[in-house]
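Have a look at these structures, which come just after this line.
Next, two complexes with subunit A in common: one pairs it with subunit B, the other with subunit C.
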Partner chain A sequence: MTEIQPAIWKRFSKKQSLERYGIEFVLLLIFIWATQSVDIYWPFVTDAPAQAVDLLHRMTPPSVVFIKAIIPSMIETINIATLSTIFAVILSFPLAILNARNTTPHPIVQMVARVIIVTSRSVNELVWGLIFVVFFGPGVVAGVAALTMRSLGFMAKLVSESIEEIDHGQVEAMRATGANGAKVFIFGVLPQVMPIIIGTSIFRWDINIRQSSVIGLVGAGGIGILLTSSMNMFKWQNVSMILISIFVVVLAGEYVSATVRKKLT
Partner chain B sequence: MFSVKNLDKTYPTGQHALKGCSLDIDNPQIVAIFGPSGAGKSTLIRCINRLVEPSSGEVFLDDLELTGLKGKDLHNARRQMGMIFQEYNLIERLTVMENVLSGRLGYVGFFNAMFRRFPQDAVDEAFSLLERVGLKGYHNQRADALSGGQRQRVGIVRALIQHPKILLVDEPTSGLDPKTAMIIMQLIKDLAIEKGIPAIINIHDVKLGQDYADRIIGMADGVIVFDGPPSKVTAETLTMIYGEEDWSKTIRKVEDEEE
Partner chain C sequence: MSDTGASTVWKRDHFIKNPILRWIVILVGSAYLIYAINDMNFNLDRMRTGWPRAVDFFQRMFPPDYSRWTMIYKGVFESLQMAIIATTVSIFLAIPLSLAAAANISVKFVYVIARAFIVLARSFPPILVAIMFVKAFGFGPFPGILTLSFTALGFMGKLLAEAIENIDKGQVEAVRATGANWFKVQLYGVAPQVLPRYVGLSIYLLDINLRASTIIGIVGAGGIGGALFNAFHRYEYDTALAILIAIIVIVLVMEFISSKVRSRLQ
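The block that comes next holds the complex of A and B.
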């Protein structure tokens, strides 16, 4: 009778284990280096909990009467979000067509579209806000322009990806009827991407509500302007009221967005 | 009325899918094309309506040569060829009526197509064709709510409303159960005869092809290796098309019919 050897199994070989320890050690070094190189003033860090409690005291109770000033400003914020979403949807649609591999008229056109999309997406809305405040002066117009610029690339990218993923058979069937390119597009492509366009638009509107409450910090309209001025004047009870109302509006926006998008699918 | 001369297709990948195929159809008949996957059946019918560009050769629909056409001329030529697809290729999110009327896209302007304004005679014809294929009352259903057999009926109506001079049919029954497959084949045959037009049908099912076609074309490796009536299809013919196999159970037994 021969003795049965148990089969030995190890997830990693010796060499692999060594490599993994090496990587973990390097990550540890990076962490140590990062904490050393940033200039941390430790008294401020240790003092933070006390400061937080202090601020909380100054913020409570939130000033309920301040709601009178908040409401018109909040309506402005929501309108900025809605307007910029509408403009972004309209402008992103041709951009998406030009950027999608299967609908672009020419690779060079596709390149140009891609550059516009990447530019739009890589610049933060606060930076767009700063730029447009210079162009249009502080206020709503700058805010709408900033959020439109930022949403444009987001919308165009997602829509053009969905154009690339359509069922080609439906396009083929429309070509076979003798329809020209434009008619093939409205029957063979558009019905397939419509749910994505609507869903993405609503999702973007929801994001824009959050963003438009921030862009006021750089003077581009909305509740953010009220927030900065209240902070500058140390009106902490007003600040807390603003934060609560932003929270409520964002929550409501998210709810509307989720409900509508659920209905679509 | 229809002829293909020396049609050749090499794909950019180097695959030589069609090697000088020729065929003539002189009367309204049902032509079934047999052949294994990759034999070039799909390529052949797609080269006819130029969904695939042939590398060389000629295609004549009546006196019109198709391979040299461009732009509007090509679109107008495609209107005269109705196509029915393997996976139906209906616009899933649109209604049955919109799918049927999309067969008239070659005849209406862009904005009329966009706002779904089709001429009344096209709408009348759509209703009567839907009734003809047994889909009366389905016009406002969405295509994705239909069963496979119902979808293919819509596909047939979409092709017919083009007023085609020929039907190009690519594996119309491959996703269907045997009974529905027979019903669909019968429908295509009846309607082609009714309209007095020929139909070229790619089909995997040998028995089905023999039962409904007037003429069989066999393809193997991009070449037409058989062309004749269904009664001439023997075990040797099938071996020539598909390769060695025991075909005695597949082909229609001649003796059975003589009894």
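The block that comes next holds the complex of A and C.
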């Protein structure tokens, strides 16, 4: 070797480290900008630990008898999650076909489908909840509609991506047998994307269990309504019991979802 | 050939092979569906009264009203600031947390505590955490930042701990063989292996936090969400639509940046 090695090993050359320091410096500046200009009321911050202890104190012990009110509300929550997942799966299916590059009938149709998917995905379920409460009035129906709308884009995006990645040979084999368009789809495309559809549905159901516990805050049904009313009445021991139940149900949902998905793959 | 004999008509395999199990699944499934849909109390009359309201709603939504542009602008910036601060806090705290939650590095006692924390932080939707923090600490971006940091820490801690658990042990042992102390082993043996994943996750986290920061304002935890909620409650649907569009735009821009950076990292 002609080059003289430095005595201490360094991972990056001088230019590389300068670049790295540059990026880090910019990130630091962004962070400083954010902390300096954010509108934080500092007495709240210094007071925070005391307030947290105070609230925890008021929340203990959780009111065990309140479970009687929680259970029906929790069943409603789970129903909202399940129904909205089912509706979203059904509705997302045509949307996914229209959106996938290889199955869309026309680029314009594909663009419309994409706009629907993007809107559905980027608007939070609480906002959908606000909108559907105006339509249907407060209650379960608004909640199911809100979660369906939110899940729709998520499902359609993942399913259409998997349609785009299918093996074309099977489609052509079907076509070679003289099958018509619908049959090509049912026997050539569908079997290939079915595992993805089922896996994604169960994953979405898991997410919806979590979210359905929240949408009650805007009046869209489920345990969230009970939570809001308990808070407004300062019944903190009921609140902590509700939080514990949500925690348990979410964990159970995650467990079911993980087990089923493991079995399928 | 199988003993079923060659039928002239080919049939697809059933998804669930066992016929008894298949019928149980179908029956239980449909029974549940009927019950759940009934339980929804879907009321056609209410839909009929709701329809004119829906039409009215849309008419009032268009065109979006940007007259209160400064309010939208301020809210969006606050959301952005909250997301940046919370992401920074959580990516730093995630380092000790994920080391504590990695089975191959941590000791049993610390491991259990760290994992319990991760499960707790991951299970609650951000909005729920935000309500509790708002009740405890008052309104504004401060409880919002706490919320985002807490939930993000659970997410980051879990994925980073999994990455650490999957590292190549050889490199760690090679560094240890040089006589390096514990910190140096982590720094030169573990860190380089998970660094790309760490950077990728950090950017993804910013993306997630920005999404959440636009919404937790609904319960008073700062950001653009508060303005949106107020607009809905004052029936100013045109302003609400303007805010919604602003949210969609920044969420999409962030998603675009995040996916670009992450695909460059790989």
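One rule holds in what follows: the second predicted complex is superposed on the first by the 252 of 265 C-alpha atoms of A that agree within 3 Å, B and C clash if a C-alpha of one lies under 4 Å from a C-alpha of the other, contacts with A are read in each partner's own complex, and residues count from 1 in each chain.
In the analysis below, contacts are C-beta pairs under 8 Å (C-beta built on N, C-alpha and C of every residue); 3 or more make two chains touch, one makes a residue touch a chain.
Just so it is clear, the structure is predicted and the values come from calculations on it, not from any experiment.
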Subunit B versus subunit C as contact partner of A:Q192, first or second or both or neither: first
Comparison of subunit B and subunit C by subunit A residues contacted: C
Subunit B versus subunit C as contact partner of A:G137, first or second or both or neither: second
Which of subunit B and subunit C A:G169 touches, first, second, both or neither: first
Contacts of A:T60 with subunit B and subunit C, given as first, second, both or neither: neither
Partner chain in contact with A:K183 - subunit B first, subunit C second, else both or neither: first
Touching partner for A:S17 - first (subunit B), second (subunit C), both, neither: neither
Contacts of A:T35 with subunit B and subunit C, given as first, second, both or neither: second
Residues on subunit A lying within both footprints (that of subunit B and that of subunit C): 187, 191, 194
Touching residues (chain side subunit A, partner subunit C) in the complex: 30-31, 33-35, 37-41, 44-45, 47-48, 51-52, 54-55, 76, 79, 82-83, 86, 118-119, 122-124, 126-127, 130-131, 134-137, 139-141, 144, 187, 191, 194, 210-211, 213-214, 217-218, 227, 231, 243, 246-247, 250-251, 254
Touch list for subunit A against partner subunit B, complex: 167, 169-170, 172-180, 182-184, 186-188, 191-192, 194-195
Interface residues, subunit C side, partner subunit A - complex: 12, 15, 32-33, 36-37, 39-43, 46-47, 50-51, 53-54, 57, 77-78, 80-82, 84-85, 88, 119-120, 123-125, 127-128, 131-132, 135-138, 140-142, 145, 211, 214-215, 218-219, 222, 228-229, 232, 244, 247-248, 251-252
For the subunit B and subunit A complex, residues of the former touching the latter: 49, 51, 72, 75-83, 85, 87, 89-94, 98, 102-106, 110, 113-114, 158, 162, 168
